[in-house]
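Heads up, there are several structures right after this.
The same subunit A turns up in both complexes below, where it pairs with subunit B and then with subunit C.
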Partner chain A sequence: MRDYIRKRITTGILTILFSFCLTFFLIRYAPGNPIKVLAGTENPNPELIEHLTAKYGLDKSIPIQFGNYIKNILKGDLGYSYMSNEPVSKLIGEKLFATILLTLTGVILSVIVGTFLGVYAARKAGSIFDRLMCSACYVFDAIPGFWLGLILILIFASKFGILPTSGMYDLRAEHQGFARVLDVVKHMILPVSTLFIIQMPMYFRIARSSVLQTMSEDFILTLRAAGMKENKIFNKYVLRNAIIPTITKLSLSLAFIISGVALIEIVFAWPGMGRLIMDAIMKRDYPLLTGVYLMISVSICVVMIITDIIYALIDPRIRLE
Partner chain B sequence: MRKISLLLVIVLCLGLFTGCAKKNEVPEANKTEDVAKIDSEPEVSSEPKEGGTFIASVSREPQTYNPDAHSDDGAYPVIQNIFNKLVKINGYDQVVPDLAKEWEFSEDAKTVTFHLQENVKWHDGKDFSSEDVKWTFDQIIKEKGFASASLSDIEEIICPDKNTVVFKLKGPNSGLLGYIAWFGTYIMPKHIYEGTDWLENPANQSPIGTGPFKFVEHKSGQSVTIERNDEYWGDKPYLDKVVFSIIPEQSTAYQAWLNGETDENKHGVPANELSGFENNPDYVIYDKLWPNKGYIHFNVNKGKFADLKVRQAVAYGIDRDEIFTKALKGIGEKAEYFISPLYDWAINEDAKLPERDIEKAKALLEEAGYKADDNGIYFTTTVDTYPGFDDIVEVLKSNFKEFGIDLQVNAMDDAAYDEKVWFGRDFELTMLGGYQGPDISAIGNRIGVGTSMNLGEYNNPRVEELLKQGVILSSEEDRAPVYKEIQKILSEDLPNIFLYEKGAKIVVKSYVKGHPAGEAVEKASESEYTYIWLDK
Partner chain C sequence: MSLLNINYLNIVYKVKGKKIKAVKDLSLNIESEDSVGIVGESGSGKSTFAMSILSLLPKEITEITGDIIFDGTDLLKIDEERLRQIKWKEIAYVFQKSMNSLSPVHKIGLQMNDIYKIHEANATDKDTKERILELFNLVNLSKGVYNLYPHELSGGMIQRVSIALSLLHYPRLLILDEATTALDVVTQGQILEEIMELEEKLKLTRIMITHDVSVVSLTCKKVAVMYAGYLLESGYVEDVFSLPKHPYTRELLNSYPSLTGERNRLKGIPGSFPDLSVVHRGCIFADRCKDSMDICFVREPKTVEISNDWKVACHLVGGEYNG
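For the complex of A and B:
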C-alpha cells in the first residue's frame, strides 16, 4: 500500500510540473498582448504600451520570463496581476469561498440525488418511474446550462418574483448575522438548481447502468441460486461493486471544483473563479492565468491521489495491480 | 418513451414563454395611459429628496482605481464619481468647468491659465492645491499615462499660487482642452502618490479623490460602494450611497433592472425591447448621440483596397440605410458626411457619402481590372473585426455580395485582433469606431500619419498640413474651412467609409431624477451621479 501511494504522489507531482510548463508557454505564445489591453481600444497610446511592456519584462524572451517566474514561485510568490497590480494569490483567495460554496453544493446534491434515483430506477428497471426518469435525464442532459439559468431567472425572479435575479447578497438590505446566511442561501437557489439539473442526469445514468451491469454478473446469479435474500445481495454485493464508477465521476467533479463554473457564474453574476478565469483570458493577464492554472492542476492531482487511495480501500484488487 | 420526452420539451418551452411574457407585459399594461414623456423634459416635480441608495449595474469589474495610469472601462463609472478633472465633458459633449472654475488662453494661444475652485479638500481631509494639478500632469507625461500622447504639446506647468495653474505650450493647440477634459486626466492626490510607483500604490485599491462621492469598498466579483462626500466643494450629492453591482451577463442585468433590484442598467436596454418602454409613464427615454462614427477602415497600402477604384466601389455598393435599420435597429443616425453631425459648424455639404448604386460599384471593380466569375463574384476578401460589429458585418456581407465581392468575416477577441491588425497591420479591411471628440481635431487620431487608429497607414501630406492648421486656429469661423477641406480630401481618398453615428436610447426609471442623460445633462459627465435623487 505504501508503494502504491508513493507511486501515485510521484505521478501527481510530475503531472503538475508538466501541465504548468505547458500552460505557461501556451498562453504566452497565444496571440494577444496584455499591455495593449491596458492601453484600451480607443486611442491607445503607443508610449504607454512601450513603457509598460518594459516594466513588466514582456520585452524579454519567453524562456527568460519562465526563468524569472520559477525564481519567484520558489519564494512562494505567484506574482501580480497586470490589470490590477494586486497579488495573484489575493485575487484567487477572494474567489475561493464563493466558488466552492456554489460548486460543492451543486455536486453534493447531484451525486446524492442522482445516485439514489439511479439505484432506485435500476432496481425497478422497466417500470414507469424508470422510463420517465431516463427520458427526463436525456432532456436535462441536453439543456445548455447558460440557457437554463436564464429561463430559471425569467420564471422565478421575473415572473413570480420569489427569488433574487443574481448576485450573492441583497445589495439594498445589507443583512447581518443569520439573516445574511439566509440571504446567501436564497441567492444560491437558482444557480445551484441550474447546476443540479445539468449535473444530476450524469450521476443518475452512471448509477443506474452500473447497478444493472453488476446485477447481471455471474456471481450475483450464483448468490441468487444459493438462495440469498434479494435485499442482502443488493446491499452487500451489488452496491459496493457498482459504486466505483460513481466515485470516479465524483472525484473528477471535485477536482474541478475550484475552477468554478464560468457560464453559470456569468449568468447569475456569482463572484466565482470561473469569471475570474474568463476575464484573465480575455485580458491575457499572464501572471493571473498562470497562477490559476497552477492552483487547478494542484487541486486536480491532490483529489486524484485521494481518489486512488479510496479506490484501493474499497476494492483491494486495485492496489494489488 | 419518445412521447414523454416530447412532453417534457413542450413543458420546458412553455416555461420559456411564460418567462418571456413578463417582458412584454410591463409596457403593454400601461399603453392606454395618456402620459407620454418620451424625449421631453419630465415635468418639474417637488424639491429634490435627499438620501437613499442608488444601485447601478455595470458589466465589467473595475481593476484599478488609478484613474490616469491606463484605461479601465470597468472602473470608469466609479472614477467619475470619486475624482475631478480640471474641466470635464458634459452630456452634450461640451467642455465644462470642473476643478477649474474658469480658464483663459493668452493672446498667442501658447499659454492657458486655469483658475481653480477654492476650499477643495481631498477625501482624507488634506487641502487640495494647484500643486496636485501640476504633479498629476507631470506624472502622466513622465510615466506615460493613458493621455500622455495627447498631452505632448505641454512644455511646462507652473503654479503661480495655490489656486492658479498655468500650462505653457510648445505651440498653440486648440484641441488640448478637449483632451484635458476627456479621459486619463483626473487630478490625483500628490501627497499620497509622490515618491511611489503609481501602479503599485495601495491607494489604487482605495482611491482618495476630490469628487462628490467617497470610496467605501469593493467586493470582488460583486459590487463597489461609494458614499456621499459631505465636504464636497461643489453641488452636494443627494444620494447617501451608490452601489455598482457587477453583472457580466446583459440579459441578467436587464432582468435585475426590470425586477427592481437595480435602479440603473449601464448595459442599456436591448434594442429589440425598446419599443415596449415608449409611452410608459414608469420610464423616460433620452436620446444620445456621441461624436463617434462607425466605419470601414481600409489598408490603403497593401492588398486589394490599395486601389482607390475598389474603395469607391465599396462606397457605392454598401447600403447604409439597411445597416442603420437592420444592424443598429434605428438607434443613432445613418452617416451622411465625413465628420460627426455634432460639429455642424464644420460640415462640408459637398463632401457627402454617395447614394447606393450597385451598377456603378460593379463598373468600378471592372475598371480596376477585376473580372466577375460565373456567380458574379469579382474577388474574395476578409474583414477582420473585434467584438461589437457582428450585426453590422452580417449586413455588409450581403451588401458586398450584391455588387460582386465575397466578404468573409474573421471575428476575433480583442487580444487576437490587436495582434493581427493593431500591431501586425495584417488586414485588407476592418471595422472601427470609438470616441472622436470632444474637439473636432480628434479625427486627426484616425487619419494623421503615425496616429494610433490609422491602422491602414493613410498618408496625405495636405491632410497633415490641414490637421496642424486646425489645432492652431481657435475660432470655429477660422477652423471650419480647414476641416471642410479635410472632408473633401477624405471623400476623394476614401481611407474610411463611414456607416453610422453611434447613439443610444437611454431608458431611465422615472423615479430617478437628475440623471446625467436627463436633467443634469449640462452639468454632469456621463456616469456622474451628483445630481441624482430618488422620487419615491
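For the complex of A and C:
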C-alpha cells in the first residue's frame, strides 16, 4: 500500500511538471500578443511597444523566459499580472475561495442527493418513483447549464424577486458577521441549484445502474442462498461494490472544481476563477495564465491522488499492480 | 429414507408475454446419502430445477407448481422465515462460476464469517474462525486463504473455498451446479475425489448438475437425464449408462468419448433444441429421435418403472400402451 501511494504521488508530480511546461510554451507560441493589448490604441507608438516588451522580458527568447519563470517560482513568486499589475498569487487567492465555495457545495449536494436517490431507485427498480426519476434525469441532463441559470434568474429573481440576480454579496448592505454569511448563502442558492440540477442526474444514474449491476452479480445469489437478510446483503455487500463508479465520477468532478464552471460563474456574475481565466486568455496575460494553469494542474493531481488512494482502500483488486 | 421428494414440478418463466416452460412435470425421489447426477444439454432445465429447490429464482417472472418435499416439509409452501432457516443449514449450493460467487471487495474469511453467523448468531469470532480453518483443512486449503481476497486465488482454490463455504453448517443436501465444469481435468479430478471423501465423512446427500456424462459416471450412484425440461430417464448409473433405454440417453452417451472400449466415432445429436415457449404435442424428443413412431408425435409418453428405481419416459419402453 505504501508503495502504491508513493507511486501515485510521483506520477502526480511528473504530471504537474509536464502539463506546466506544455501550457507555458503553448500559450506563448500561440498567436496574440499582450503588449498590443496593453498599448491599447490601434496604431501604437513603436517606442512604447519596445519599452513594454523589454519591461516584461518578452524580448528574450521563450526558453530563457521559461528559465526566469522557474527561478522565480522556486522563490514562491508567481509574478505580476500584465493587466492589473497585481501579484498573480493575490489575484488567484481572491477568486479561488469564491469558486471553491460554489463548486464544492454544488458537487457535494449532487453526490449525496444523486447517489441516495439512485440507490433508492435501484432498490425499487421498475416502480413509479424509479421511472419518474429516470425520465426526469434525462431531461435535466439535456439542459445546458448556462441556459438553466438564466431561466432560474428569470423566474426567481426577476419575476418573484425572492433571490438576488447575481454576485456573491449585496454590495450596498455591507453586512457583517452572521448576516454576511446569510447574505452569501442567499446569493449562492441560484448558482448552486443550477449546478445541482445539471450534475445530480449523472450521480443518480451512476448509482442506480451500478447498484442494479451489483445486485445481479453471482455472489449476491450465494448470499441469498445462504439465507442472509436482504437488508444486510444490501448494506454490507452491494453498497461497497456499487460505490466505485460514483467515486470515479466524483473525482472527475472535483478535478474540474476550479475551472469547470466558468460559464455558470459568468451567468451569475460570481466573482470566481471563471471570469479571471476568461479575461487572462483574451488578453494574453501570460503570468496570470501560467499561474492559473499551474493551480489547476496541482488541484487535479491532488484530487486524483486522493481518489486513487480511496479506490485502493475500497477495492483490493486495484492495490495490486 | 427419502430426503428430497419432488412431485410434478413445473416451472414456467414469464418473459415478454411468452411463457417458457423450463421444467415440466418433473418427479424425482432422492434418498438420504444418495448421489444423483442430473445431466442434459444447456437449457434442459437442470439449473432452473436446482435453483427452485431453495426458491432462488426471481419471483416476479417465475411460476412454480408442484411439491418439493424436503425431509417432510414442502419447501414451496412454507413462509420465507422458515425457508431461511433451512437455507445453507440443511441445503447448500456450490454454484457454477464460483470465481464470482464471493464479493470481490471483501476478504474471504470475513464473508464466510458473515455467512456462518446467519445461523449461528451467538458464535464468537474465534470459534467461527476455527470452524472455517477446519473446513479449509478438509478441502486442502492453507490457513492463509482466510485473509485473502477472491481475486488472489486460482480457479481450483476458489472452487475449494466454495465447497468449504457450502459445508459451513454441514448441510444434509449439497447441490453442485456445474461446480467443476470450469476447471481443468486434473483439478476437476482432484476436487471430485475430495467431494466424494467428504460425502462419506459427513454423510452428505449430493445432487450434481452437469452436462458432463463422465463426471456423473465417475462420482454418482444415480443419474437423471433431462431434456427440454422433461425428465426422460432416471435410475442407477450402472443400469442407465450400460443399457440406456431412452433414445436420448443413448445419443447423449454416444456424444462423449469412452475411456475404455473401442474407439468409436463421436456423434452429435442431429436436429436442434425445441422452442420451449410453444405448446408441444407428443414426446418432446420426437423431432430429433431416430426411432420415433407415429404415436410419439401425438401422445406424450408416460413414465414407466422398469425395475428398481429405473424409470423411463418413452413409447418404446411400454409407455405407449398407457395413454
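General remarks:
FYI, the second predicted complex is superposed on the first by the 313 of 321 C-alpha atoms of A that agree within 3 Å, B and C clash if a C-alpha of one lies under 4 Å from a C-alpha of the other, contacts with A are read in each partner's own complex, and residues count from 1 in each chain.
The working rule: contacts are C-beta pairs under 8 Å (C-beta built on N, C-alpha and C of every residue); 3 or more make two chains touch, one makes a residue touch a chain.
Everything quoted here is computed from the prediction, not taken from an experiment.
Model built by superposing both complexes on subunit A: subunit B and subunit C fit together without a clash. Once the two complexes are overlaid on the shared chain, A:Glu230 sits clear of subunit B and of subunit C alike.
When subunit B and subunit C are set side by side, the one touching more residues of subunit A is B.
Contact with subunit C, but none with subunit B, is seen for A:Ile314 once the two complexes are overlaid on the shared chain. In the superposition on chain A, A:Met282 makes contact with subunit B only, while subunit C stays out of contact range. Legend: residue contacts after superposition of the two complexes on their common chain; A:Asp59 is shown touching neither subunit B nor subunit C. Between the C-alpha centres of subunit B and subunit C, as viewed from that of subunit A, the superposed structures give an angle of 150°, to the nearest 10.
When the two complexes are laid on top of each other via chain A, the two nearest Cα atoms from subunit B and subunit C are 18 angstrom apart. Applying the stated touch rule to the two superposed structures, the subunit B and subunit C interfaces on subunit A have no residue in common. By the touch rule above, subunit A contacts subunit C in their complex via residues 217-219, 221-229, 232, 236-237, 240-241, 314-317. In the complex of the two chains, the subunit A residues touching subunit B come out as 31-34, 36-48, 50-52, 55, 80-81, 83-86, 91, 94-95, 98, 131-132, 134-136, 138-139, 143, 150-151, 153-155, 157-159, 161, 164-169, 171-172, 266-272, 275-276, 279, 282-284.
Contacts from subunit C toward subunit A in the complex involve residues 54, 56, 83-89, 92-93, 95, 97, 100-106, 114-115, 118-119, 149, 151, 165. The touching residues of subunit B, when paired with subunit A in their complex, are 1-2, 4-5, 8-9, 12, 15-16, 18-23, 53, 55, 61, 63-64, 70-73, 143-150, 199-200, 204-205, 219-223, 243, 245-249, 251-253, 255-256, 258-259, 261, 386, 413-416, 418-420, 422-423, 434-435, 445, 452-453.
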